[in-house]
Amino acid sequence: MEAQWGQPLNKDSHSAVAVALDAAERHGADGESTRGFKPSWELAAVAALIVIGVLALPWLKPGYRTLSFALTTGVTAIVLYGMAIPFGQAGIMSLGYAGLMGFGAYTAAILSRDFGMNMWQAMPFSAIVAAVFAGLFGLPSLRISGHHFAITTYVMCELLRIVLTNGGKFTGAATGLDLPPIGTVLGINMDKLANAYLLVAVFMLASILVAYLIGRSSYGRTLRSIRENEQLARSVGINTNLHKVVAFMVSGLFAGVGGNLQAYNYRHISPDLYGGSISLNFALMVMLGGARTIFGPLTGAVIVTFLPEVMRIDPVDSRIAYGLALIAVIMLLPGGVIAVTERVYRRLTETVIATRRVGPSHAGSSSARGD
Amino acid sequence: MVTFIQELVNSLSVASVIILMGIGVTLIFGLTGIINFAHGEFLMLGGIGVWVLVSNGLGYIPALLISVALVGLLGFLLERGLFQFTLLRPNNGFMASLGLSIVLQHVVIRIWNSFSKSIPEPLPGVWEIGQIRFIKMRVVVVVVTAIVVAVTFFTISRSRYGLALRASLADRQTAALMGIPIRRYITVIFAYGSAIAGLGGALTIALFPITPFVGSEMIMLGFAVSLIAGLGNVAGVVGAGLILGLVNGMSGAYGTPEWTNAYSFGLMIVILIFRPQGLFGGTMGPAIE
Amino acid sequence: MTVLEVSGIRKQFGGVVALAGIDVTIKSDEILGVIGPNGSGKTTLFNTVCGIYRPDAGRVRWNGEDITAKAAFQIGRLGIGRTFQQAMSFPALSVRENVQIAMEHGSRRGEGAIRPWSSPEELLAFVGLEGFADESANAMPFGNLRRLGIAVALGGRPSQLLLDEPAAGLNEAESAELVQLFRRVHQLGVGVCLIDHHVGMMAELCGNLIVLNFGNKIADGPTDTILRDAKVIEVYLGAQS
């Protein structure tokens, strides 16, 4: 009896099976990546390659279509890096991010229409409005957890879409709103797609850097403690409720900036860009790449955006292939593409090291399990 | 007043379809922990199946039976072939179901097209009682739903099978030690829930035309009713389904159809925040402090 | 010295009375043991003190301040550290991070003794986990997981530790090592209060014992006296042998 009273609150206790299997999962294939972003020369090398690759893209003459896909990927990735803070670090999945992006985008459009603000002037407002609503969207997480919360946020997104659609002149109803061009930034004309892409790319790289720094910081550690064991986190004095809401608000800043950039690059926004199904797609990208890895969200965004494009088949066939590919990746690579790649890489290097050394080390594995 | 009662009556058939959707979700999500976003596609397939068979000259009733059986079989195969591997990682199951939803939807569009499909009314005509008109087919839908609900409810709550099922949910390990075949239960629940969704679709197409996209909308109502009711609570789904059916009917009748889903979703959010265990108490509410 | 005073605490779960209104005083200059049969309310007592449960009646005072209504994290910040029956940790994180998290939060008042460790590694060495810092918590053997739980609790700079069955699931040698560890913790000026079923260990370690049965306190006093008490032998020790 007493043992039951002391049970930890389980995140997935909506289902007996999930609870019972949870322990098994915890001891499952969680890689190094779950502990925050450890610096290493490999990480630095990959980071350098990504920075060079992303910034060099326009000079590779990718064609208009590819470049605009890349721009979309960049905008999406900004939102995904925000989403990865509560999801990857604190372990709370929200499906509200398309909606939060929508707050950023509509804020930008309305401020431009009613107050003549340009992109830069509107950006702080986009970020703050999205952050405030991110906090509001996150509030139910104090009461409900796991998939209940995820579905609640999905529904909030759908609510927002309905409100935007029925918002009359203020939100432009189903047709949406138009925005002026970005104009020039530091004397560079943003009407040229390559320049607009580079602007987004810089924001995206910055958001990866910020996400990395958060993951490395003691704040990231605090969030991970909530993910790993909320009750223990509380017992050492962590105000878990406050940290959850703050994590959501921080992620909302990313979504707001992403929404602002999206609005100014598309120059036309409508409610359908910010509904629940778009949010689901974001969740897919993050999970596909791996929410707990630093390059996971970017990888997921690239795969999901470019996969149908690369296959270049009839749109319906491409959707079917996409769905099947998705199922295959999830079944074959649980934990995300990056985590699996990382594990394979580590196994390869370990084999190399092990053959160089005289046998593998057994640090700490000799202690017997008491009973 | 007559309009009101008329709308009330009409809402019942909409509520029925929502309830059939909700029962599958509440059983599968609530009892096995599988979050299947493709559950709505089962409803769509049930309807499309009837459409295909009826178009090929079959009667409505045999078409319904075959279609429901096929959807149940599909559910069985998908549980065996896909979802049983994701029981350990519900998030992955959730993602796989999104992929599955896309595949099922577009396979239907690929074979036929994305236009809405309808069949001739299987049971035309109305019964009139006083000033209230009962469309016959709608009454049939309500009656069939009532039977399904009753059977499901008594199986889950009264039979030995249901008892073993609930025991296995309360304590999976002990149940396994007692020789309760949990894996098989999960498969059966999944296939049964899928078939019920198929039935929902097969009944829907007798009332309204459906498109290959109907599943995405229905699945949210399915989640909404099962969460409003409290997960795993079959009787609660009926209550919640009636509420949402009424909300649907009334907002349609009184001039704000574009806000219909907003009312349902808003209700769901409010209830989840203030009563996380659902309106009627789930067998398995989420963790609360 | 700090004093944790529990007065008239009552807690009921549905129809089950877990605590029937009990008074307990825990002083940091003693090692106090709480014993009793399963279901006697020991863990509920800890959980109520730590703000996990809100009592139906009664007060909890910490150095005279009423902390009954405080949340679990606020209690952690006051300097009351605890471990859990299930040997909790932050499983997927490294052992170092586990301790770091506690050291970065925990007590904010700096009450009690100055801790002799300034880094996670030193604290890990103190509890006997040197060399494990880079392991995953969930990769460690059970005995080490128990120690990690204590290290996490100590990382929060507590002036009072509440240990819930710290030796459960450990063998004799491991329990003996824990006894030494608790003595060292106590020498630092940290109050130690523990629940355990190892009567031998409790007799060796604790100066005073409290005995609970069905949510009531049936005995309270110096260990020697308690272990000879007829009522205690009847309800608890008798059942043990």
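What to note about this one:
Think of it as A, B and C in the order they're written, each chain with its own count starting at 1.
One rule holds for everything that comes next: a contact is a pair of C-beta atoms (placed from the backbone, for glycine too) under 8 Å apart; a residue touches a chain by one contact, two chains touch by 3 or more.
Because the structure is a prediction, the values reported are computed rather than measured.
Because contacts link the chains only in sequence, without closing, their graph is best described as a line. Averaging Cα atoms per chain gives one point for each, and the point farthest from that of chain C is the centre of B. Distance between chain B and chain C, defined via averaged C-alpha coordinates, is recorded as 49 Å.
Chain A and chain C have Cα centroids separated by 40 Å.
Note: centroid distance chain A to chain B, computed from Cα atoms, is 31 Å. Only residues 29-33, 35, 37, 82, 85-92, 94-96, 98-103, 105-107, 109-110, 168-173, 182, 186, 216, 220, 223-224, 227, 231, 258-259, 261-262, 265-266, 268-269, 272-273, 276, 284-289 of chain B touch chain A when the two sit together in their complex.
Residues 1-3, 5-8, 26-27, 30, 34-36, 218, 221-222, 224-225, 228-229, 231-240, 363-364, 367-371 of chain A are the ones that touch chain C when the two sit in their complex.
Touching chain A in their complex are the following residues of chain C: 13, 16, 18, 38-44, 47, 50, 52, 71-77, 81-82, 84-86, 88-94, 97, 100-102, 104-108, 131-132, 135-136, 138, 140-144, 152-153, 155-156, 164, 169-171, 174.
Every residue of chain A that touches chain B in the complex is listed here, in rising order: 9-21, 24-25, 28, 93, 139-140, 143-149, 151-152, 154-156, 158-159, 162-163, 165-166, 276-277, 280, 283-284, 287-288, 316-317, 319-320, 322-327, 330-331, 334.
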